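The following blocks contain the structures, represented as structure tokens.
Shared between the two complexes below is subunit A, which has subunit B as its partner in the first and subunit C in the second.
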Partner chain A sequence: MKMTTTKFEPSITTRPVYGILEPQQGSAHLMIADGEGAGAILDLFARAGQQGIDLRPSTHLIYVTAANGTDLSDELSRLGVAKFYHGPTLAAAMSRITKALTDASMGLQIYLAGTESLIGVAQSEAMKAGFPHDGMQTEHRGSLARRVQCVHCKGITENVKTDPYVCSHCGLSLYVRDHYSRRIAAFQGVNIDAEDPGQVPDMVEKFT
Partner chain B sequence: MGIQFNDETFHKDYTYRNSPAGIKRFPFPFPEDDYMYSVNIEPHVPGREGSVFEHTFDVDEHYVSEMRDRARVLADDPLRCQSLPHMTLAGWDLLELIMESKARDYPDMFQLTKNGDRWHWVNKPLGIDDTFTFLDETTLPYGPMEYITRQAQGDFTLQDQRDDNLWIEAGMVTSQADWSLDFDIGMSFHEWHAPVPLAGGMGIFDRALKFLLKLQYGAPVRRFNWTMTVDPLLDTSPENYHKWGPSKATLTPDTVGRRQHLRVELQTLYRLPRSNAIVFPIRCYLISFQDLVTVPKWGRRLHRVLQTLPEELAEYKGFARNRQMLTDWLAQYDDGSPTSPGWWAD
Partner chain C sequence: MSAGATRFPAIVAEVTEINNLIKTFRFVREDGAEVPPFSGGSHIVVEMDDDGTRRLNPYSLMSDPADTGGYSISVRREDGGRGGSRFMHTRVKPGMTMTISYPVNLFPIDGRAKKHLLLAGGIGITPFMAHMAQLSERNQIFELHYGAASRAVGQFGDRLRKHYGDRIHLYYDDEGTMMDLPSLLRGQPAGTHLYVCGPKGMINAVMKIAREAGWPRGALHSEEFLAPPVGLPFEVELANSGKTVQVGAAQSLLEAIEAAGVNAPYLCRGGACGQCECEVAAVDGEIEHNDHWLTPEEKASNSKIMPCVSRFKGQRLVLNL
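Coming up: the complex of A and B.
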């Protein structure tokens, strides 16, 4: 289990990069996290404590169990934030996230922590609600499994661990590019045996 | 009308052909015997008579068939034409630019009559005769960008300018060199260029963006890009890559001359007056190797360019697997004699 901040290989400029959550001044704080991202939230509160900032009365924390099963909701529930929600999956929590974003007033601080899928999807949702992507704090923890969009059928496959992988919608074998769309919150998958049908290399676990 | 339009196809039976006059005016993109990325931007000013630079938007013998091909691609995949809601004004700017240019440059084929906001547009080659109200979308059968780019050769993208960056937020893209508008829409200049090898590290995108942010209305610029395409397929999209990818594997030394095409993009950039957006028309020209070598200078030069091209570029452009076959074929047309500078035929 990766409890510390992830180190990334150098890549192309669309491949997202993440930082470390730092407490911000603000009237309200929205935190969205999954799985191991709970560790980043706990560290954030510890840091805030050292700086004499009490985020708890103005924090709304939305936490979901990660696709790999990691669930640290007990620790988070003990933080004592004003609003705490624990859900089974990101998909189940989506309507809450959208509501929290559209209800938000100016000065809302957004913190996202956990898997790339969670950060990407929450960020894309926040952008739709009018928040600039570079105004959010993000910290990667946990699995490096990717959310990938098939460029052919447009279907998104969650939690892709191998390269190549089989599109869960159209069944083509796809290689996973580092080219990333913040709008779709997904990497791009492209047919790997297009030029030589049937010649699919072995799947290698690359995103774990 | 001055132009005889070909009745031809860009898929399946591939009846696309260049006439002898079409070959002569082909925009051969290599001014030298080797090639590397650079900030190759020059003013888009009218060029030699008969050349593709003569007019603002070049209309050639492929016009009618290309527009038919665009309609076919759009019917299969409407996501090739997208415009985020705030880009409609830029679409009107583009409609005005194309209508005014074509009516001015080809008065026998296109006519634009304005009566206040009521515009009357006649496009004789496509048999269109429409009256509409400028800036009123409800008076057109499509949004303004889609309406006019169904009548204009080449792909078009519209970039909004804000936060010292350009954002690709609308486009009509059916004849692209393997990139997806649907995936890239909403990205900034460096983001949509991220897959390009080497150029970023050379500072090319930093300099190009800086230049474009200051692009002035009325002072358009142009540049060339190029790649290789097996069979004269305009729609080399990633969306359909699983369908056209196999064509690369069936190329043989005997079919190179007929099937391998040099694909040249004449890219222009205009600042638009009302929206302050930038439009990026990407006009694609295709020429078969067998037609290309009828101009001795081009055959010699293309051979040398392909021989010395950095491997990363051949990979990125998608012809690394056939590179040796192509250079072997072209070698027959390179006697080693010097080539004159510039891209015009001797």
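Coming up: the complex of A and C.
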């Protein structure tokens, strides 16, 4: 598998890795992307065109503006796919994503592109619909801001850019691990000053 | 460490002739206690003493996993085989004590599936009988498509039809009814997992059609136990135990190694589980890889062999055993 263009440091096996979207055989194609992920979708269609494959008549493309404001929906709308949806946030698109997945037949090809949050949440939703976690293609583009779960209060904070960060639910200072949960699509945040309360290292912007 | 799963003596409680090719055997414990529990898709290894030749053959459990009073298996007689199925058909009688292994499951149901599509060919029906008992107990959605040569040899079909109704779809070669695999695989709802057990040709065809229809690999499951093929006799050197072993024409490499008193690891004895994987120290000749375990690259490199089903043709083979 070709690896995504984003550079990731080598890490523990639980940390997700991403590839490059390639056109696949299948009865229908569901593409879900946010922000800069639009670039991966455009590249996918360019690649399909070179291979003489027309994905457009059987493609449902769901695109949302990224948390950082990136919106390339104009370019995507010009692709001419059978169904195109553009929404302001992933949350706004979720009911559409769930319906597209549960109404599908086996043979549906799933392509996810953009931020790790978008890829992770869509993957988790596909798993709930019964698709194997490795039965879909993913390509990372854009921000590396993380979706993190506080392992203490279980609250999830979106768009975490610093390590440590302060849990938006319980207020603990959390160290952001590469330890990842596919089920809830979140990295794990662990209290950093449990043994020496108040001894919190400076926040460093690591996930940009 | 002893090789294989734990074994225990069992009494043959019943032998039932299903038709002239298939017999069903029921094993219970000598002490009348419950047998170790199993899940659908499990198999046991049955040990046979065939006039001095020790045979250990894997058979899928077909009984209901909720039934802990014993195990049932079905054996199809293969007259062209090495003799294990013939032994089961002609020599095994009710009341006999045999050695069997604890159950091992290499073909389990994936509990994350929304629907289970079961495809059986011939005697490949047996693991699905246990699967369906378990799925039905748990109110899971399933559908069985079962193909056999004729109604006469596919007698389990009628029994299953009575029990599970229209979830059972039957196809008989001699009546010209055939599974329409492309349309069957195109019409399955999201979250369906496919399971296939039967002859090699059927498994390969199903896998090919499923991949072409865009099914993800993780939703495809198969099991085929290979009988160790007969072949030319050959010699093998075991580097670690310092022995040279002759492998007979109707003997598998694993059986020959065991007969020489070397305790080699194994589990399924049918090329499926990977437990007996063995490093090749030196080879001058051609390894006949017959397993489903090694990758095509590993097979081509001749650096590993699965002694349960694979053979050798050539000058010299040395194993790290």
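List of remarks:
The working rule: the second predicted complex is superposed on the first by the 204 of 208 C-alpha atoms of A that agree within 3 Å, B and C clash if a C-alpha of one lies under 4 Å from a C-alpha of the other, contacts with A are read in each partner's own complex, and residues count from 1 in each chain.
Throughout what follows, a residue touches a chain if its C-beta (ideal position, glycine included) is under 8 Å from a C-beta of that chain, and two chains touch if they have at least 3 such contacts.
For clarity, every value in this text was computed on a predicted model and none was experimentally measured.
Look at A:Asp103: by the touch rule set out above, it reaches subunit C but stays clear of subunit B. With both structures placed on the common chain, the touch criterion links A:Ser95 to neither subunit B nor subunit C. When both complexes are overlaid on chain A, the residue A:Leu172 reaches subunit B alone and has no touch with subunit C.
By the document's definition of touching, of the two partners only subunit B reaches A:His152; subunit C does not. By the document's definition of touching, neither partner reaches A:Gln51: not subunit B, not subunit C. On the side of subunit B, the complex with subunit A involves touching residues 79, 180, 182-187, 190-191, 193-195, 200, 238-242, 245-246, 248-249, 321. Residue ranges of subunit C in contact with subunit A, taken from their complex: 112-115, 185-194, 212-219. Put simply, subunit A touches subunit B in their complex at residues 12-15, 149, 151-152, 154, 172, 177-179, 181-184, 188, 190-191, 194-197.
Across the complex, subunit A meets subunit C through its residues 24-27, 101-109, 127, 129-136.
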